[in-house]
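Quick one: the structure is below, and I'll ask about it shortly.
First chain written, first letter: the chains are A, B, C, D, E, F, G and H, and each begins at residue 1.
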Amino acid sequence: MHEQDDRTADLGFARVDLDRAARTGDAEVVYGAGKTPEQIVSILTTLHGHHPDRAVLATRLSDEAMHAVEAAGAEVDRVARAATLGPLPTARGTVAVVSAGTSDAPVAAEAMLTARVHGAVVDPITDVGVAGLHRLLGVRDRLERADCLVVVAGMEGALPSVVGGLVGVPLVAVPTSVGYGASLGGIAALLGMLNSCAPGVTVVNIDNGYGAGVFAARVARQSARDDR
Amino acid sequence: MHEQDDRTADLGFARVDLDRAARTGDAEVVYGAGKTPEQIVSILTTLHGHHPDRAVLATRLSDEAMHAVEAAGAEVDRVARAATLGPLPTARGTVAVVSAGTSDAPVAAEAMLTARVHGAVVDPITDVGVAGLHRLLGVRDRLERADCLVVVAGMEGALPSVVGGLVGVPLVAVPTSVGYGASLGGIAALLGMLNSCAPGVTVVNIDNGYGAGVFAARVARQSARDDR
Amino acid sequence: MHEQDDRTADLGFARVDLDRAARTGDAEVVYGAGKTPEQIVSILTTLHGHHPDRAVLATRLSDEAMHAVEAAGAEVDRVARAATLGPLPTARGTVAVVSAGTSDAPVAAEAMLTARVHGAVVDPITDVGVAGLHRLLGVRDRLERADCLVVVAGMEGALPSVVGGLVGVPLVAVPTSVGYGASLGGIAALLGMLNSCAPGVTVVNIDNGYGAGVFAARVARQSARDDR
Amino acid sequence: MHEQDDRTADLGFARVDLDRAARTGDAEVVYGAGKTPEQIVSILTTLHGHHPDRAVLATRLSDEAMHAVEAAGAEVDRVARAATLGPLPTARGTVAVVSAGTSDAPVAAEAMLTARVHGAVVDPITDVGVAGLHRLLGVRDRLERADCLVVVAGMEGALPSVVGGLVGVPLVAVPTSVGYGASLGGIAALLGMLNSCAPGVTVVNIDNGYGAGVFAARVARQSARDDR
Amino acid sequence: MHEQDDRTADLGFARVDLDRAARTGDAEVVYGAGKTPEQIVSILTTLHGHHPDRAVLATRLSDEAMHAVEAAGAEVDRVARAATLGPLPTARGTVAVVSAGTSDAPVAAEAMLTARVHGAVVDPITDVGVAGLHRLLGVRDRLERADCLVVVAGMEGALPSVVGGLVGVPLVAVPTSVGYGASLGGIAALLGMLNSCAPGVTVVNIDNGYGAGVFAARVARQSARDDR
Amino acid sequence: MHEQDDRTADLGFARVDLDRAARTGDAEVVYGAGKTPEQIVSILTTLHGHHPDRAVLATRLSDEAMHAVEAAGAEVDRVARAATLGPLPTARGTVAVVSAGTSDAPVAAEAMLTARVHGAVVDPITDVGVAGLHRLLGVRDRLERADCLVVVAGMEGALPSVVGGLVGVPLVAVPTSVGYGASLGGIAALLGMLNSCAPGVTVVNIDNGYGAGVFAARVARQSARDDR
Amino acid sequence: MHEQDDRTADLGFARVDLDRAARTGDAEVVYGAGKTPEQIVSILTTLHGHHPDRAVLATRLSDEAMHAVEAAGAEVDRVARAATLGPLPTARGTVAVVSAGTSDAPVAAEAMLTARVHGAVVDPITDVGVAGLHRLLGVRDRLERADCLVVVAGMEGALPSVVGGLVGVPLVAVPTSVGYGASLGGIAALLGMLNSCAPGVTVVNIDNGYGAGVFAARVARQSARDDR
Amino acid sequence: MHEQDDRTADLGFARVDLDRAARTGDAEVVYGAGKTPEQIVSILTTLHGHHPDRAVLATRLSDEAMHAVEAAGAEVDRVARAATLGPLPTARGTVAVVSAGTSDAPVAAEAMLTARVHGAVVDPITDVGVAGLHRLLGVRDRLERADCLVVVAGMEGALPSVVGGLVGVPLVAVPTSVGYGASLGGIAALLGMLNSCAPGVTVVNIDNGYGAGVFAARVARQSARDDR
């Protein structure tokens, strides 16, 4: 009834948008949650076929899906549970992804891979929980050199407030679902970040490393210049 | 016991931070909620005395407070319920502040004044609710020309998703407390924005035009360049 | 103690209402959640035996239940996880079921099958997310021709507001549980729809494609006339 | 910067949409909450000036606003806290507005006036709480004759389920904020209605008599025919 | 350190209260959730050994636990997922347990068995949902003859309001977790019952058929005595 | 359209139910919240005129309303913010109303007056907070002599659990809105009571002394009769 | 019926506990919220009359109540909105009360006065928000010297986590209601503190400076010794 | 990029903090949730290798993890689902861990083991639910002899209020997730404890026996002295 156009590929189980990069400048992405490994591979290779010159990203992959996309030629990041197919773009501008410890690692890794796929240099800063301030103070210059910060934290989500008090770099906070009981699946960290006393902190959904990565890469790319 | 230093002025009822701009590059600000007009004027003029060369911002002012700061020489924005004292900085980079209608105007105005005080050019886009798409489509080029977008919406908070689907510019969404019943004082709009299907949307607290303005101006300033 | 009457059939594990159509004009329905395949088949065939001339609907079927009712002669809709037994009624009036993408497909399919079983023509409009407005604008005439709209959306649930701003057709919004984190299992979409800035939007429970289909078919049937 | 067009009138404090009726077929409306009496009168008379042939509706009026619009020639409904200016349209199709008692009267009255302004005949059914079933059973024929039902209830919000079990007419439920403690400002009634065991019940926001009236009138108008 | 007394039996994994009946007049009970079949059998038989003359109740039993206690000589009620060991007491006073349909049956059955074990006659009234009022009206005399009512309902929980409007018998409402989406695991029904417009409705926790049964039996027993 | 009958008196602003006592055996009641003193006096005297032989109850009265009904001949209880007009019934059966301290006094007083008006003897037990157990233990015999207990508590709402562990008398718990912060307007006490570890505790809405009084009096009256 | 004993003084409107100090070793206290100035003065002087040798504390005082108790000889702390009557006890052990800024001052002041009245030395540390870490690091030795810490914070409540990561002193966190929007009246800060990643952080109710002060003073008193 | 230092050991999957004891005086701990048995053993033995002279604690262990750490030489507490490796410290000061029954045993056991590992003597008091007050009253002297109390309770969480009314010892309350329905996974108990009417009650996260144990041991250690 409504005819096929060049901007969409119909795979039967899904209608794939081929036009996203033209519209917003971002990389194509496959959200893997709720899809079978076969479906993910099919979408990934279809998008890659239309855009062989730039990486396609797949996120939220199960163990099976990671195995399947690897067999299909994709590069897999097991911590991020994500993968890319196709060459990564030249990177411009720096996104520093800041996190406290091992539990938040998957979300931080998703943010890092996403920022890289969207064209930013990534600086991982991973040992800087608020309970050990000396380490955070020790990386202050790296925080200041970044064009955009992504700060990942679960439980009480205090890290963005502390980082935001140290430097004036644009900061995107990512609450994670790490915690139990009154963490309410990440709601405590989310509320903490929304109420940050440090001005200029913005927030994305719980565990949304992807969204933070897209946003931060946009900021970093447009901030990059020769004289900095 | 803990001695006075150069970075703080003790007014008796408050200890004023004189050092913020040096630390983060932002303007000084007086958060007016819960303070008397006299206290606000006192803090404002103290900060101005220490920084006569750049504007100090006062937000969340009552009618009485607006009257008092005006008498003290400040420039008042009655819609934003905010004021500035001292010369505004040279503006670099553009922040477009997008809103749908009259109810969200105070929050949008706070965001606009804040972005201007923090050094950005402001482009106000104010007649573009999702229930009248043609107008939004008509300003697409202005949206694309901005270095950062602030999108203000109450009730269901759908505007950021629609704007975020049109352009790839970094977008900060501000939920407002406009609404009743199941809007839960802005929680419905907040949740809507956090769950936006458009990638790269970040969110601040309900009615927090100030925070969005600070963040967007930081992004705009560092994105500004001669060749754009 | 309370005697059996003609309006109920006692199957031991359930007492089946045989009188619903007479009371409200609707089709009989078996809600499959929490029932064994055997129980579903038993109720379905009992109802069919009493009403061989019109379709009985079964919803929320497990894979096993879909297999079992198919073996019992029912027509199965695998996307909707629903089935019908018996001839579909003559259709009068049109229900357009609008949704954005693949994740909401099961709920949209349940709404479509339900509307069809309850006597309406169904027009499926499935590629019209708010992040790609041109497609939605492209189907405006189909939206206007419908007698009732069912609009299905998860995450922030913005689609009903956008559709409701385009046309004045009665609109039933169905929030889905698609999302994660602050989507709170569909609560974010539900709140968004209840607070829609478009007048005349009504809402049903999360994932309740069935309820929306019943309601929309009622409106469509009574709106159908020769001169439209 | 963005020029004035024919579809909007700029009153300084508000930009009035003059085009709504053309787009959706609905009456113009002024939402009075948060506006001064002078602003309401100004918008009301501006809209009336552009559409002298059909009624403009104003809702959520304070005592002062009711006085002011009355002085400006509007017809005031003090229970609904609403007013109309201009001739009411010819009515087609019937909306029955059902409520239990005096506390819910303002919301029911808003729904009734809205439905009338939007072109429907209104049948008020006001003494039918679930704690006195005989009265509800006594008006069953009036319920069945309606083209659409609006059912208004606070506290536990049980009335729509009982009405929805009696007749198969399309039913819009309106929860009200009547109650205290665990009514949570109407949330209890809202949840009750969303979970109604009667199929085909749709719901609007708490106290949203206006939205229910718009929707019900749309259904009633398109259902009206000579042979009913 | 704190010595064993006659009122407790130490089973190693649990310290069993042997004194409850003396203190409150109620039957002994084993709450089976979270206990192994072996533990349940051990507690049940220990309590039975101390009180061979009256029934001990076990609730919330898994399939395995039902099998195990049956093998140990207990009488099992598979719908209630409960069992009794020892002779039931002479029954005095009547508890009518009212419910709408099959989904609420397990909670209603738990209430019925509990009331019987606690010494009341039970009258089960099970086909009386609010969507079919004629059946409820048909059992009005049975409702009035009871000494206490237990009314079980899920989803919107409207049944207690309707029953409470018909008769003045003490009424305990039991919300169930039957439902989905905005039922919030029974919270919607719980809130509905707490806000009932019928005076004299009291409420217990979600799915707490046991608590309602204990309470109702206490009321029924004391309402049926000669010596007062 | 719907004619006046004997069971209702139309006062213009309200339609007064004259038939309640016949239907449920309870006293007539005027819920004063949201009504003017004049309206309350009018309803009260109308009901009294139809039932001069038994007391009519008015609750939730403002200072002005208490003054007005007193002038109209009613007996006012200033702590309960309630009043009665007409002779109190002969009392049968005892309701003990238990509370901890002064803050909960208004709710306890409403429960006591309501129970008395509905025909029960009332025993007030008011100095028994859980932080001073010796006093509670000192009144154990009074607790056991009652036919029904009403236990009123705010903050954490622990009192019903402690009382329910002491005696086996039917117990209705009333949470109050006394508290601040995480008491959430009485929700904390409400949840505490619903989760009581003492079996046989039932609960009413926050601050609903009236509902508890009606229920308890029903239980007490039927527990004290010769003819059963 | 229940006779007056030595441990209570009956003032008509309140029954004053005279025995608290003997039971728990704490000072007597009058919670002023919801009491008239006259009532507060009456209770305060009654308690003082029975315990002339040690201070009685009154909290949550209105402006009028502060004036009244001052006239009655009490020492008033206007920031804490609290007062004492009678000599303060000899102080042993140190409680450091840590807060970030002016908005949290009233709660911090209540904690400080309470701790002092309950027998502890108080060390106020008030300029140490997480957005200015250097100041907090500068007072580390004072934090370590304390026997117990009370850490007061609103908005995101991050301060206890940072302090708890610096030192191993017992720490009681007090969330305040300072904030707006998603702070939910202090719930955000409360949840943040409950989820603190620093071990050994305990929490009291929102704005409950009194409770924190009582607890901290108990810890400090019993920790005080000569050799520290 | 950021070099390894002496205070951290890099295990590949985790960076282990070796410096915690020096900073806060507490024992090292491995939080087992979400880690594989191999990872837990590896971290445990690494920490033990660096601190062979004092116990390392591992909490929240699965059955497999308990088996693995036991094989690695650790002492396992199966009720607490925790283990220690290395010699326990000399104990000073007493922590009494108070709980009501078997369901709360795992959380109480975690608190007890943690307090012991952190250097306190532990007094377990486990049969003192609020529904059997005589037992609680019977251990009053043990409560008073303790330097700090940990009170563990699920469902309505009333036990801390009752204990806090008996003695003036510092009290940490631990809500547990024991319960169903309106217990909301422990939120009801948490709210109850935060609103305790007994002064000086502090609270930790739901099921956080570890946090309570750390805090209580700190208080007990510093309170211990020869003359008590």
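In the analysis below, a contact is a pair of C-beta atoms (placed from the backbone, for glycine too) under 8 Å apart; a residue touches a chain by one contact, two chains touch by 3 or more.
The structure presented is a predicted model; accordingly, all values stated were derived computationally and were not measured.
Chains that touch both chain B and chain G: A.
Taking the options B-G, F-H or G-H in turn, the interface that duplicates E-F in more than half of its contact pairs by residue number is G-H.
Seen from the Cα centre of chain B, the chain whose own Cα centre is farthest off is E. Using mean Cα coordinates as chain centres, the one most removed from chain F is A. Where the sister copies chain C and chain E meet, the same residue numbers recur on both sides for under half of the interface positions. More C-beta pairs touch across one of D-F and D-E than the other; that pair is D-E. Centroids built from CA atoms put chain F at 58 Å from chain A.
In this assembly, the C-alpha centroid of chain E lies 36 Å from the C-alpha centroid of chain H.
Between chain A and chain D, the centres computed from C-alpha atoms are 45 Å apart.
For this pair, chain B with chain F, the centres built from the Cα atoms lie 51 Å apart. Multi-chain contact residues of chain A (touching two or more other chains): 132, 165-166, 181-183, 187, 190, 194-195, 205. The chain pairs satisfying the stated touch condition come to A-B, A-C, A-G, A-H, B-C, B-D, B-G, C-D, C-E, D-E, D-F, E-F, E-H, F-G, F-H, G-H.
Every residue of chain H that touches chain G in the complex is listed here, in rising order: 23-26, 29, 147-148, 165-172, 190, 194-195, 199-205, 210-212, 214-215, 218-219, 222-223, 225.
Only residues 101-103, 125-127, 132, 138-139, 180-183 of chain F touch chain G when the two sit together in their complex. Touching chain E in their complex are the following residues of chain D: 100, 129-133, 137, 155-158, 161-162, 164-166, 179, 181-184, 187-189, 191-198. Across the complex, chain A meets chain C through its residues 2, 8, 13-15, 17, 33-34, 175, 177, 185-187, 190, 205-208.
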